Every structure is written in structure tokens, then in C-alpha cells.
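Here chain A shows up in two complexes: once beside chain B, once beside chain C.
Entry: the complex of A and B
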């Protein structure tokens, strides 16, 4: 059905465009970069991956591919045979958040089915037989769930899921059993990081069983100011209850970040202006730049746009730069592998082409 | 200087994870850290897997070796093997180890009764689901013993049940030939 040629064309196209969930629209998109719902599902009568040899895995890919494509025949879904991809191409899909790291490093028959605009991706033979993932720009968990739910119901028409009356959907890892759902939002909290208020966010989230994760540089140097907030419990609560739980805490964090930013604008305007102007100057003027410096500076620029201090660049453009300055995207654009130093130079010139004034 | 947790490179990034009110530091090189951040799923599973291993250790501390050798009839995995990898072998494991898994599930989720979405089919075919898992296990054992005749008979039986479970009806003729090898 889908030839290798189609896959090559699809990947080529991917490296030039960007996913719709990076557009920077949707509710609270200044602070909530993206929302994601992931459903873990397994097919009845098949062992989990730890006990599946290549024969079984191949049967699974066939069965799952047929079931998913039949569930949404008119959606223009693209199947990609991940087992046939070289490292650069599978990394490209990972940078794009269409597949997980686990799927890139594991062996045997496996694949991913991608929907138009990259809202939807379904991984086949990852830790579970199926991982249905829906991504949206901004704070839009309900929308993500509605889309995932509909596809899930459609798949069920031609495949029987492993399900237990008491324990719900059965998964390879007991941490996912029940609803098999993981809700997560990526939030951009430079204000809370700068004022060292982020710890309070952690504490608030823990009280209601949400996990907060962030990336930090050496010492106290913030790298990206991005945090992922997700549910930990999957059994004993309905999908809707878990969504409501997120709806209680995320708006509070968003409001908190906005208040801190206002305060910074009022009382530290000059320092803030300076920080953002410097970030822009380095991003457009550097001849060589590492990915962590890029992440750090793009974060400042992104906040500058949110605060109206930078007016000629859109949030969507900056969101896309986070993805397009990653190694496989740069190499795809270049048309071949690049060493670290070459990559840093390629990154600098790409940033200049995107952000530099004419 | 700390080494990266995923590879041998020098760790330059330190991720603080807060789970269950406990902050843990994870040391990674730049490349691995990017992968780690971008892929929240592996992040979930890796940190949880470590957590899980600790919880499993607690359960094991009863020191009952016979219990550890308990085997799932659907896939052949032992309770000890599960404790090592933190992953079950097949859906039937949840039946085979139901009592043993319960404290673990309570620990992770607090509640142990599913209240969310339900598939429309499934329950009625429970016995077939289990049967096909067992046939698959027998088939694998037959292949290991190079008893291809038995394996072929089992394969046909599996195909019949599969066709019933997963619709389509064409399962006896898989499109394997068209697949790129």
C-alpha cells in the first residue's frame, strides 16, 4: 500500500514543514505550548513485546495497520515502516514527537501511522501494541481526548482489545493499566523560573498526583524553561475525571506565570528588554551555536513575543525553530550527516535565515 | 565529572524530576538529554521503571522463592522475570498473577477498579483470548524442538481464532509476501 518511495517523500516534506500543533494557536498558547493525549492499547490473544518474537510482531503490524487504516479510511493516514528507516530518518520522526525514543532503538517489525498536520500518530509495537497519540497547540486536552477516543472506538470495530472487567485496558507495564491514558501539557514558564517560584508549582501539582518535569543546565542555569505536566494515575479514575483534574491545576499555573511576567515587566523592564534583545542578537548573529544555547535563547525570545516586546516574529515561528534546529532536521535540510561542529554552524546559519532582518 | 546515564559520554545536563514528592537528579549528556526531554514517554517509563523495581523489591522481600517461580500459562513468564524487567509477558499475566499484582497496583494507583471507557466487545471472547495465547506458546515451543508439523497445525488453529477475534476474516492468508524483507 505505502511504498518506500512514499515514505521518502513524506519525510522530505516533513523536514520542510512544521506540525500544526506548533502553530501557537489554541487556548493559553502563550504559556501552554502543546497538549497531548496518549492511549496505550493491546490486542487480545497476542503476547506483549517482551514475549513477542519477530513472527508475532509482523502479524501484529499487519493486524494493527489494517485496523487503524480501516478506522479512519478517509483521513489520509500515512503508514511508515520504522524498521526500514535509517538512523537519521527515525531521529527525524522522534524530533517531531511522532515516535518515541524507544521505538527508534528497538528491533523487529514496528511502525507508525501519521495523520495530516501531525495531530495524530499511532505507534505500532512500541511498549504496547498500540500507542495512540493526539497533539494539539495550546491548552486543548479535551479536544485531544475526543479525537483519540473516536479513533480508538473505530479501531475496536475490527480488533478485540485486551480488556479486563476490573482492571480495564491491559498494558505491558502495570503503571498504565486501566484507562491506559497519559495526559500531558508542555508549559513555558520563564517567569516562574526567573523568580524561583517554580518549586511552588511542583508542590501544587504533586498534591493532586501530577508529575512535573523540567530540564536544567549546569548549576542553576535554566536551559529551556519548559516543563511537562502529566497524570500519573491511570486506574480508578475515568478519562473525564483525569482531564478535569488537569483543568483544575493548569489554569492556576498559567495565571501564576502571567502575574509574574507582569511584575517583571513593571519592575524589571530594562533588564527584561536587555535579555530579550541579547537573545535575538546572538540567535541572528552567531556563526556557530549549540542546541542547548539555542533552546535557552529561543525561550527568552518566545517570552519577548508573548509580552509584546518583540512584534515582528510569531509564536508559531519560534515554536517551529525549537524543532527545526535539532540535529536530524538540520541534517535532512543539508542532505547528509553533519559532525557536531558542522551542525553548530548549520544551526547558526539556519537561525539567521529565519530570524535575521532582510 | 558525572557520566551520562544513557551512554558513556560526560554528563552536562542534570534533570530534576519530581515524582511522588521526591526530587531525583538524572545526569545526561546533551544528546541523551534532548531525547529524554522530547520523548516524554520514555521519560515516563524509565523513571517509573526504576520506581517500579523498588516496589517490586519490597514485594519480593517475603523471600518466597516458590512464588517467584510462579509461571503465566499464557506466555511462560515467571513472576521473577517480571520483577526484573517490570514488564508483563501477555494480557493473561494479569489473571495468572492477580493476587501478586494487587499490592503493586494499589501502590501505584491507590484504587484498583477501572471506571473509565469500556470496549463494546471483548468480555465474551475471554476464553478464546486465553486459548490463543496458550497455542502461541505451544507453537513457539514446537519450533524450538524443530517439530514443524505440530507448529503448522498450531498455526492454523491460531489463525482461526484470530480471524474471529479481529474480524477481517482473511487472517489465514496474511499479506506477508508483499512485505519488504
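Entry: the complex of A and C
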């Protein structure tokens, strides 16, 4: 189904487009950038990854690939052999949130199957044999879950999962045992961050067993006012209960952020206008810009759009810029590797081409 | 000769124009913004200012005014009674470098006589009875001295200066005794500042009895890469010797700054381009900006023009912006007092109107 040529073309195409889940639509998309459901699964009769040698891993990739493609035969899935990718291409997939950092750095046979519009990605041989991930724009966990659940059921038609009647799905890491599910939403909370209320969100989330993390998941720092909120518990309650839990909490955070923004608009309008105008000025005017600074400035611009203070740029455009200004995207666009200083210049020129008027 | 109506009209006009010495022409005007000669004089038979009561001061103002106007009858001089000015107007004259901070804050009868194009200003009843100041664009100390000397000689025709055969001109502060002259040039040294070479200039200048000060003279901090270099010694050498001394030193500093700029252009071009482009972006994009930040950014922009990296703005335009973005100029333009936040917004909008393309 996929030759290397296919992969190259797919990656080329990828670097010029954006995932559907970045469109900026869906419920509460002003604050909830995206929703994600991830299922961890392992195949019965195969050892966990830590004990699987390359032969086993190779057989796993073939078995899993067949099972996933069989489960969704009409959906135009693309298999990518991650072991064959160079660093730039595997980074590209990571910047795209289609694969994890772990999958880029590990050795041995491994891959990812990507669905059209990038709603779906299934990692093969990451920490678990299978990591099914569904992404949607806005606050749409139920939709993500429905899609993930359907694929999961489809896969079970041709593969037998490692499952224990009492514990549930068995996973490589005990924290995933049970449902094997992780629900997460990426929220944009510039108001709560500016007013330092973000600490309270953090504390409140921890009390009810939700984790607040940075943009790139576990261990990463929150950057540019973006936070991932996800469940910590996977054992002892159903998927539906976990989704309901998020449906209680996330709207409260969204409401909190909205109230703070309104307050800022009312009582600190000049500073807010200035922050947003400067962000735009630097994004379009700089000749060299780091990815961190870009992230922070795009965050301000994004809030400006949400508040109606910037009218000629869409949320979807800004969401896409977050992805397309990252190193591998810039290098892919350039057609080859760039050193840091060159990347910073390429990033500035890309931003100007997208946001500049002159 | 001047009614209050005249003064109001003159100040109004002032707030909309720029001094000739800001035109950005004259020798080495890329680095030497302006040259200034100041003569301190006191009238024989009157006590020094510290011992002069208001009656004496009033008589002094009248005597001095007549003497100055008689010395240059055809030059359209404007007398301004500083004691009658409100804070905004006296600040305006100070921002214009026509009067000193001291003259704005002291009490009692005092004034200033301003010549056309603002090349000439004569303060009456400042630290000394007379402070004759001549300003020119670029490195033009000889021209300044010739003009100051001619006026000085003219005044002596109708007034007798306090003069001692051995000491020279007697002044309120011993540091001015002798020639009573202070020569100073305002230099723009962003390259030496960026590369931290400015320390060396400072040390070298001190060794040969030159002072390096900030934009607003004594006690003020250097801001935005602008420095005033002036003689410390006024006793024991002639005016011409002092001028020659400056003519030896200043070209060395100018050459040093030029070499550093060339080096930056050659070896750090991207960072330089970025700095200048960002300065312009913020100056035109901000909605609120302090006068300090403005000064720093205009400094970068000015260097960009000098290096040919910015082509659609002139040095004269930027020089004028340094003056017109100061608090009293903005308030005069607005037509009344503005609070800090309002001034910052007015400054941003003024800068945009002058530098923005949109």
C-alpha cells in the first residue's frame, strides 16, 4: 500500500497543509484549541515493548498495520515507517502532533498510521504496541471518543488485545492500565496567565486528578499560555465517566478565562491593545525570531482575534502558524536543513509572508 | 517688543516645528547630532544670582534683555518671560534644549531670548546672569563659537562683564571661571554601546579632561546611546585651544564608532537588521509607549538610516521625533495636560502618524 515514494509525497503535502483539528472551529474553539483521545493497547501473545527484540517488533508492526488498515478500509489511511525517516521528517510528524517525541528517538521497527485530515493517528510500537489517537478542533471529546472507540472495536475484529477481566486493558506503564484512555484538551489561557490566576486552575485540577501540562505533553513546560489538561486516572471508572468529568471541569476553566478576558478588556484595555498590537508588529516586522518568542506573540495575537481586536486574521490561520513556524516545518519548506540563525530568519520571513500587509 | 500673546504664539509655533540644529546636516551629522557652545557671563556691579533678591533680578532681566537685543537688532530675537510660563510651557523649552532644567524650577524674574531657527538661546538669570548658547547641527563647534563670540562682543558694547585680568570671566561657580566657555557635542554611539566599547571612550575622555554625560547634561544618565562630550576645564587656556582640543578628540570617537558599525554590518548583519526592523515595527505598531523606550528605539532606527538599512526616513525626521515625542510637546499638540498613560498612547499615535505606512 505504501512505498517510500508515497511517504515522501505525503510528508511534502503535510508540510504545506494543516491538520483539520487546527481549523479553529468546534465548541469553545476560542479557548479550547483541540481535544484529543488516546487509547493504549497491546496485543495478546506478544511481549511488552521493553522485552520485544527487533524481530518481534517487526512482526508487531506488520500485524498491527494489517489490523488497523482492515478496521478502516475506506478511510485512506497512510502508513509511515518511522524507522526509515530522517530526523527532519520524524520531527515534522512530531511538530504535527501525529507522533510522540518518544517514537522519534527510539530504535527499531515502528510506525504511524495517519488518517485523512490528521484527525486520526495510530502509533505502532511506541510505549505500547498501539497508541490510537483522535484529534478534533475545539472542545469535542465525545466526538474523539466515538471515533477512537469505533476504530478500537474494528481492530479487535482481527487482533486480540491484552486484557484482564478485573484490571481491564493491560499496558506497559501501570498508570495506563484499565481503560488505557487519556483524554486531553489543549486550552489557551492568556488571560489567566496574565493575571496569575493560572496557579488556581492548576491547583484545582490537581485536586480532581487532572494534570495540567505544557504544549508537548508530559514533562514539557507550558509555553505561550497553552496548557494541556488531561485525566490522570485510567483505572476504576468508565471512559464515559472520565469524559463526563472533563465536561464538568473544562467549561468552568473556559468560563473563568472568559471572565478574566472581559475584565482585562474593561479595565486594562490600553495595555491589552498595546500587547496585541506589539505582538503583531514584531511578528510581521522582525527579521529573526525564535520559536519561543513566536509562540508567545502568536498567543497574544490569538487572544486579540478572540476578543475582536484583530479582525483580518482567523483563528485557523494563527493555529496553523503555531505548527508551520516550527523547525522541521520551516526546513521542509526551505528544502533542507537550516542552522538556528537561518531558521530564525526563515521563521521571520515566513511570518511576514503570512501576516504582513506590505 | 513681546507681549504675552507673542509668547503664546511663539510656543505654539515651536511645538509644531523643529530647531534648525536638528536638521541632521553639517559635518559628521551621522554621529555628531549637534554642537553647542555656551558662555557664562555676569554683569559687573550686580551681585551673583545666589545673592540677588527679586528686585535685583528684575533689574538684571531688563538690563540683560536690552543689551542682548541691542547686540543683535536685526535677528528677530524672541524674549520669553520664563517666570510667567506654566509648567508645560517651560518644560517645552527645556525639551527643546533652549533652557536648562534649573531655569524651569527656580523662582523669581528670569527669561530666555531665542534666535530664529533656535540656533541661539540666551538664558537670563540662570546660575549666571547670562548664559549664551549656540547650537548647530553636526560637528560645528567653530561655527558655534564664532556666533557666540560675535553676540558676546555685541553685548559688551552696552554692558560691562564681571572680568578679572588674571582670572578671566568671573562666574557663580568656580568651575566656569576663566573663559566661561563650555563646548559640547552630542554624539550618537549605538555601535560603541552595543559592543561595550563605550567604557573606553569614557575613560579616554576623562583622562584629557573631557566629561561624558547623558542627553540632558549634568547629572543625567546616558539614554538611548546619546552622549554629551564637553570640556571640563575653562581656566588657563584660550577658547581656540579648547576648540582645537575637541577637534582632535571628537573625530577619533567618530572614527571609532564608524569602524564598530562597519564591523557589526560585516559580522553581525542579521542581528543588526533585526534590531532595526523591530525598532521600526514597535515604533509604528505600539499603542502605548514610554519616552525611554521611544528614545532607545529611535536610536536603533537612526543607526539604521546612517547605515543605509532604512531609506525612506531621514535623519532630520528622526532627530525631530526625539524632541516631539517628549511629554510637553505631546501635551502641547494635544492642547492640554495628559496623564502618563494618556501621554504614552498619544506618543504611540504620534509616532505612527510620522513613521507608519498604513
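Methods note: the second predicted complex is superposed on the first by the 347 of 358 C-alpha atoms of A that agree within 3 Å, B and C clash if a C-alpha of one lies under 4 Å from a C-alpha of the other, contacts with A are read in each partner's own complex, and residues count from 1 in each chain.
Rule of thumb we're sticking to: a residue touches a chain if its C-beta (ideal position, glycine included) is under 8 Å from a C-beta of that chain, and two chains touch if they have at least 3 such contacts.
These numbers were taken from a predicted model, which means no experiment stands behind them.
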So, after the overlay on chain A, do chain B and chain C clash or fit? They fit
Name the contact category of A:33: first (chain B only), second (chain C only), both, or neither. neither
### Task
Scan A:173 for contacts with chain B and chain C and give back first, second, both or neither.
first
Here the angle between the directions from the C-alpha centre of chain A to those of chain B and chain C, rounded in steps of 10 degrees, is 130
Pick one for A:278: touches chain B only (first), chain C only (second), both, or neither.
second
Who does A:288 touch here: chain B (first), chain C (second), both, or neither?
second
Touching A:260, do we find chain B (first), chain C (second), both, or neither?
-> neither
Chain B versus chain C as contact partner of A:47, first or second or both or neither:
first
Between chain B and chain C, more residues of chain A are touched by B
Message: Quick check on the superposed pair: does A:249 touch chain B, chain C, both, or neither? Answer first, second, both or neither.
response: neither
In the overlay, chain B and chain C get no closer at Cα level (Å) than 19
Overlap of the chain B and chain C interfaces on chain A comprises residues none
Within their complex, chain B touches chain A through residues 12-21, 23, 30-31, 33-45, 48-49, 52, 74-77, 85-91, 93-95, 101, 104-105, 108-123, 125, 128-129, 132-133, 136, 140, 161-162, 165-168, 171, 174-176, 179-180
Contacts from chain A onto chain B in the complex sit at residues 4, 36, 38, 42-51, 53, 56, 58-59, 62-63, 66-67, 81, 84, 94-95, 97, 100-102, 126-127, 131, 149, 152, 156-170, 172-175, 177-179, 181-182, 184, 202, 205-206, 211-218, 223-224, 226, 228, 230, 232-239, 241, 290-292, 326-327
Within the complex, chain A is touched by chain C residues 270-271, 273-274, 277-278, 280-282, 284-289, 341, 345, 348, 357-358
